[in-house]
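Each of the two complexes below includes subunit A, the first together with subunit B, the second together with subunit C.
Showing the complex of A and B:
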């Protein structure tokens, strides 16, 4: 008797559980959709936060440059290479008004980037308005893999506003020698 | 017993913190540099980003360096294929002596010449040898001053742990 009673209670519970299942299934898709939405929202928030951080980083970088190198005293020096068959660049050293300010060693990868058209900012300086002398010394391998060391000098005038100077290495096909020229960007 | 363990733990962590602090560079981004190497190429540290890099400062007049270098070379030969690089930085004024020693010891890792001592100043080298281990992100993780037999096991453990990161 007790056993029968127990069986009927268990059967009742099973029926009740079975009846509750469809209801749960009906609720589940809503919960899933809600959590998906939440997840999407979170993803968007993270993306926008990332963008804000990148923007802030860029602004800080520009601000730092403006502070360290104010536009009216800023002078930037760039190195570029055109062709480069007669010269394998090893290093560039810069002297401004007789004082060494930069000495940059180029790895094969960096020299390769220059050959592919890259331009390298080798130095930034703050200079007073007026006349200055720039001496650039290039070392590397010249024709027939000989050690090569050449200098180029430019007397330039620093006015108001930023100034950009390009140290260009080109090939002089007629002489089969490299050529080193310093140009002022207008 | 618990208090004893706790005290021991505190002591160990205090010691670890002080050894990190004394190195100064540990935890900081490794200062970038480029130097001429024994092969004639210029090598730049930042071009090894993504690899675990060991920088070993040494000199020909330093006895422990001579002892340590073949062991470092073993480490280099073993782990080079899985993203480990070793740059030996020689600080002698005359690089020909360094070349002679490299040939004598038969080391295969690249040796760079810091005759102007610019890089050793950058890494605050005030003992010989100094071994700096840089992780894949380009941060200094360990700085070892000097060399005593057994240090190579420490290097091995640290390099392996960083390679796994």
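Showing the complex of A and C:
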């Protein structure tokens, strides 16, 4: 046995070193072209399936909404936050005409998303045309991390066509308190 | 109308997507937070900020189809492109961006987007597309990204075997940043691959002597020293090889190979005693590393050279046994992978809480195979293949959930149809009884009557029932014959009656206008209510007429979607099987390569052992003679 024979394996491995990017390995220099072609073919199939499944999801999403909440009776309730310095949202519960219809507990990730400008559709309902009363109870942590529970009420009229209501949490800087407002989305 | 300000804000969002390491930049220096004008746009952002790209894209597509994003149309399209990218749907993302980037889009966004696409495409092996994307980049990339783009270009040239252009490009690299070190290294790679080893040595020599300021550069220095050391060893310069090899850290990913190399350098210089020092250090390390495996043969080789024949034979025997056991473990691992269980465990362990291109698998499911495959995680093909496999699993689960929902919708539709058919005759009967036209006719008659009363000033017509009775009683009493007598008592009663009549008439005349207005108002409201009732009636008639069509449309949609879900689910299942087979082939190929290496070492060990036995036998034979 010669030392050359022994050394060949590891030396070969070392000298086949690849081009470098920080924190990223390169395409293996000896990457088999056939394998790369196979990967690309599979990837193209996956891309095409993703597109088809996304389109199907869109159609199903719309079907679900139209079936469960026809436009004429649909009312959607959205929660939004502005700034959020004085309030950390834990949950929102909704009562429509005295009946509790939703009780939503927010994860940190969801609350964070609201803070960055996301708007959460917390509930959808079918309501008859005419007057209705919405009561929303917000719970969470207020200034100085104190338990905080506040309500807001809105009497609104449901006409023909979908209606969107916004439950908005804002900061009242002067009072250093959060403010809870329900309004109709124009 | 979408303002330029809003577009800029959205661009910042997309920038954040394209540079996830620096999202704070967009937040702090960005022009303004996005003003959400439509709840559906805000809802998309809600999912986007949680990195739930799939539901975010579905909502964009649905809202666009429903025309619910008119106030955010341009931003939504840009965001959609970014979401596709983040979700790893790069071909669709490219379509969106190619459309958008042709318009007047912020140049930095345009260049970053092309850069990002180039990066994804190179990782996924679309080298032609990656090159085209790089060609589209203008001069608006920030400096750090521009350097990375240049490096990507050089790597594409190396990938494509165009070493001369890569060398020219990398040799021209200006500046003394971290990137210049990577450029140097890649220049060394290109030189070695183009056969210009001597030039490469100079580059690696310089790189091997740098004073690194971070872990990545330290690792790069180790890599350069290792490559240089082995290149010198191979070109018969063991003495020169030692220095770079000794510069490699003792505890790092390249230390095993460096220790082995130092040993070989000493062995080349016939210092077998010294060579044993680094090789013995390797004995306690992971046998999976080829350097450790090789050291198991190098040690007895040195011992034999030092005439410790019996010890050498023991070490060869140990090596053969260790290689045999390792080979057995690899066999079992190959069996486990080929059974498909390994990738099932991978999916079971995966929480599926995030999807997309940024996801990287950091560790494999626990088990004996993890140690063999760990370094595969660093390769693009395996990582990207795993991402696809994971995404396909997400799609499959998604379709599975929808399949169940579609069944529920079909039942719901059937129940509604039955309820409609059951209620329809009752509703029709009730409607037939409601004489709305008669009510309208009566209302018109009231209008005419009221007009007459007003024109004639007939205040008595608007009297209340009680007042009318009172008026009747008074006029009745007035007509009593006895009151016609010309006597003082009768005169007194007539006066009282006149007074009563006068008071009553005065009151009625006084209230006449107000009563008239009130009745007019009531009639007006009645008229409006009747119009509303007529409208509602038309709607009910219309609904009753349209409902069967609505049911048919829903039927078509629900029953049309059912086979679509089913077919897609099957295709996704097939694609998963193909992807799994591909990953299995990579993993098994890797394991078989390890096994072949062990086989080679085993043959070498047996050969050396046979030589030792042969030598011993010859010596014994000679002694006997």
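In this section, the second predicted complex is superposed on the first by the 134 of 186 C-alpha atoms of A that agree within 3 Å, B and C clash if a C-alpha of one lies under 4 Å from a C-alpha of the other, contacts with A are read in each partner's own complex, and residues count from 1 in each chain.
We adopt the following convention: contacts are C-beta pairs under 8 Å (C-beta built on N, C-alpha and C of every residue); 3 or more make two chains touch, one makes a residue touch a chain.
Note that this is a predicted model, so its numbers are computed, not measured.
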item: Which partner reaches more residues of subunit A (counting touched residues only), subunit B or subunit C; value: C
item: Contacts of A:110 with subunit B and subunit C, given as first, second, both or neither; value: both
item: First, second, both or neither for A:91, with subunit B first and subunit C second; value: first
item: Contacts of A:120 with subunit B and subunit C, given as first, second, both or neither; value: second
item: Common ground on subunit A, meaning residues reached by subunit C in one complex and by subunit B in the other; value: 109-110
item: Interface residues, subunit A side, partner subunit C - complex; value: 1, 3, 5-7, 9-11, 13-15, 17-23, 25-29, 31, 35-36, 38-40, 42-47, 49-67, 76, 78, 80, 109-110, 112-114, 116-121, 164, 166, 185
item: Of all residues in subunit C, those that touch subunit A in their complex; value: 33-34, 36, 39, 41-43, 45-50, 54, 57-59, 61-62, 65-66, 87-92, 122-127, 148, 151-152, 154-155, 158-159, 178, 182, 185-186, 189-190, 192-193, 216, 220, 223, 226-227, 230-231, 233-234, 257, 260-261, 264, 267-268, 290-291, 294, 297-298, 301, 378-381, 384-385, 388, 391-392, 395, 398-399, 402, 405-406, 409, 412-413, 554, 557-558, 561, 564-565, 568, 571-572, 575, 578-579, 582, 586, 597, 600-601, 604, 607-608, 611
item: Subunit B contact footprint on subunit A (complex, rising order); value: 90-91, 104-110
item: In the complex, subunit B residues that touch subunit A; value: 34-36, 41-44, 47
